[in-house]
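After this come two complexes, each holding chain A, first together with chain B and then together with chain C.
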Partner chain A sequence: MNIAQVIFYVMAFVVIASALFVASSKNLVRSIFMFFITLFGLAGLYVLALADFVAVTQIVIYVGGVLVLILFAFMLSGKETLGILQQQKGKFISVSKLPALLLAALFFVVMVNVVLKTDVNNLPWIKQVTAANAAIKPNDLMIDNIGINLMTRYLLPFEAISILLMMALVGAAHLARKERGAI
Partner chain B sequence: MITLTDFLIVSAALFCIGLYMIITKHNAIQILIGIELMLNAAILNLVAFGKFDKIANGGQVFALFAIVLAAATTAVALAIILNVYKKYRTIDPGKIDGLKD
Partner chain C sequence: MNFYITYFIIAIGLFAFVAVFTLFGVYAERKLSAFIQDRLGPTEVGKFGLLQTLADIIKLIQKELIIPAPADKVLFLMAPVIIFVAVYLGFAALPWAPGLAPANINIGLYYILAIISIETLGILMAGWGSNNKYSILGAMRSAAQIISYEIPAGFALISVVMIAQTLNLQDISLQQGILSAEKTKFLGFWDVSATGGILSWNIFRAPHLIVAFVIYFIASLAESNRAPFDIPEAESELVAGFHTEFTGLQFALVFLAEYAMMFLVSMVGVILFLGAWNTPLPNMGAVQLATWTTGTAWGIFWILAKTLTLVVIQMWIRWTLPRLRVDQLMNLCWKVLTPLAFLCMLISGIWRLWLM
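Up next, the complex of A and B:
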């Protein structure tokens, strides 16, 4: 049990506990701010999976962009939203939520079963990589490699995603503009 | 040594929490947060497998793409939510049941 493993379990606990709080909280503002903690914990897990660049991108885009957008939408959709939230009484496990809880739990059991049956640690290609000692090591610097790959091997998906991002931007601006006359 | 299985189980748990949120919540913003949780579970899987791909970096690069896609999704979804709120004065998906005319 080395230190990385301990940090991993702490991080995983933080992520799952805060996600459960997000799912169970009645107060929307609290659940949004707990989602913030979930995202930070996930960034920590990415660091432990030796993907520092993805972790930093996660913090910049999710915490800096997406969360602020969600808070904006919450504030712009006014007091009635809060009213609706106060109305829905009941505990986390109520009868109306039982089917959903059952579905999620069963799905979790199925997915864990699949992961354990597949025995991911002993997949042929992973064994091959581990045997060749070619997995990423903690002191490797991967950022230059990611940049080069992004501009050579993955140039087509990169361009496709830029076009999609531009379309989403134009679409969001079009949807959010002030209406003049009929829709 | 942190094994691949640990990552996959954490990601499965996150995915199921997101699924539960999407089914039970009566608020479009909370449903959106559920979708974000599911997307994050997928990104965690990509990153965990990306550790074993040193030369091509497939996992990490596509994790970046998925993050960008999630941001674009959120922007469009929030614009739609604001428009729906302007028209119906509520964002409960169960109560939005009118067509254009």
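Up next, the complex of A and C:
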């Protein structure tokens, strides 16, 4: 086992253990902060896969944006609402959990299927890339590649996402606006 | 395996530097505020009170760690560590001299922006963990302020990156002096590749970056929670904001983080706008001032001098301007700085396409 594998297993353990804690903890705030460790560990796994840009973007968007937003929503909501959320009945099996269990079970089946059906060591596209000597090396510049692809091959999805975000911004500004006549 | 030892030595060295900087930063701030307010400042401990902050830190280390009874103990203990580590990690990517950077990362600037945003999380953690209404109000204010001001700061930085065409901080530094591999033009018309000096700094390569620099500087004040943007720890309203409950070593860590943050944002500003480790002296005919004053030792000297100047300006502003109200703060960010930053970005694009 080389050092990269050791790091991979440590990171994977951190991610899974913290994710389990997030799901099982009774204390909502602690699970939000634990979620930070999950996201950070994921970023580490991305770095290990030589996707440093994705890793940093993960931290900017999820840790700097989404997580802080969740915390904000949490701290601004009243104590009563949170109390109800935190006092769920301790029954392990109940009818209300059935949809979630079903979904999880189906997803698990899909995952197991994927693991069993793919031959990880002989993937055709990996062989192709290795044969063409086009594999990514640790020192390669990836951002130029991402920028060019975003502006050529993936321009339509990129623009569609921009319009979606624009709509969200306009909607947020409209909701926050003072209504005419009300002071 | 030798390089692992080197990594540790570099990490410890950076930490030592941050600690020493904080010690003398606090001393300088107290002396400067005393000068501005016509007082004397610390005078008793050591010559001119030089050892005052050293005595302070020894006192802080000896203090008992008090955890308030209703506090969330884990979050309360973790918060100062996360606040400090977030800032400290940012130091890894900063270049100090030609060929001398702790980690020469391709996306260094983006990494620093990302890692700094973790500080917000630490502050929210401190506010919630303390279980104190002043702390939580301070934490909320701080998070709102940092998130808002990240936008103009980010766009000001993007306008530089568009000119430089790279996110690697060492490459950005190289472009702004005589060591540059590509052509450097002063104001877009005069080739100064061989002259170097102050003429080839980014703010003179593209003059609209002066505006971007001012935007970035104002936003960086807000991001490090310094006056006039210190409403998160407004003493007259919130006792001490998010760090009200901290004592001893934890308080020292929060303080260390604040001063490290001041240094970090100043250094990023210097690297991107003010020529990084390049000398301000140009080559003039036979007097090769730029060539004589470029090198590893000179590089460290120049970048330290420039960064410390910016830090002093930050302190000067703190003791000169009154604190902004929350609505004024948000107005300034969203209605003045953000549109201006967008304009800078637009001009950068045009400048890069047609003038460089």
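We adopt the following convention: the second predicted complex is superposed on the first by the 147 of 183 C-alpha atoms of A that agree within 3 Å, B and C clash if a C-alpha of one lies under 4 Å from a C-alpha of the other, contacts with A are read in each partner's own complex, and residues count from 1 in each chain.
Everything that follows uses one rule, which is that contacts are C-beta pairs under 8 Å (C-beta built on N, C-alpha and C of every residue); 3 or more make two chains touch, one makes a residue touch a chain.
Keep in mind it's a predicted model, so treat the numbers as computed, not measured.
In this overlay on chain A, chain B fits alongside chain C without clashing.
Of the two partner chains placed around the shared chain by superposition, chain C is the only one that A:33 touches, whereas chain B remains out of contact. Contacts of A:142 after superposition on the shared chain: both chain B and chain C are touched. Of the two partner chains placed by the overlay, only chain B lies in contact with A:73; chain C stays clear of it.
In the superposition on chain A, A:168 makes contact with chain B only, not with chain C.
In the superposition on chain A, contact of A:63 is made with chain C only, not with chain B.
Contacts of A:53 after superposition on the shared chain: both chain B and chain C are touched. In the superposed model, A:150 lies in contact with chain B only, and not with chain C. Which of chain B and chain C touches more residues of chain A: that partner is B.
In the superposed model, A:17 lies in contact with neither chain B nor chain C. When the two complexes are laid on top of each other via chain A, the two nearest Cα atoms from chain B and chain C are 14 angstrom apart. When both complexes are aligned on chain A by C-alpha atoms, chain A residues 53, 57, 65, 72, 76, 142 touch chain B in the first and chain C in the second. Interface residues of chain C, counted against chain A in their complex, comprise 72, 74-75, 78, 105-107, 110-111, 113-115, 117-118, 120-121, 124-125, 128, 136, 140, 143-144, 147, 150, 167. The part of chain B that touches chain A in the complex is made up of residues 1-10, 12-21, 23-24, 26-27, 29-30, 32-34, 36-37, 40, 43-44, 47-48, 50-57, 59-65, 67-76, 78-83, 85, 89-92, 100.
Interface of chain A with chain C (complex): residues 27, 29-30, 33, 36, 52-53, 56-57, 59-60, 63-65, 67-68, 71-72, 75-76, 139, 141-143.
Chain contact summary for the complex, chain A toward chain B: residues 2, 4-5, 8, 12, 15-16, 19-20, 22-23, 28, 31-32, 35, 38-39, 42, 45-46, 48-51, 53-54, 57-58, 61-62, 65-66, 69-70, 72-74, 76-78, 80-81, 84-85, 88, 97, 99-101, 103-105, 107-108, 111-112, 115-116, 120-121, 125-126, 129-130, 134-136, 140, 142, 145-146, 149-150, 153-154, 157-158, 161, 164-165, 168-169, 171-173, 175-176, 183.
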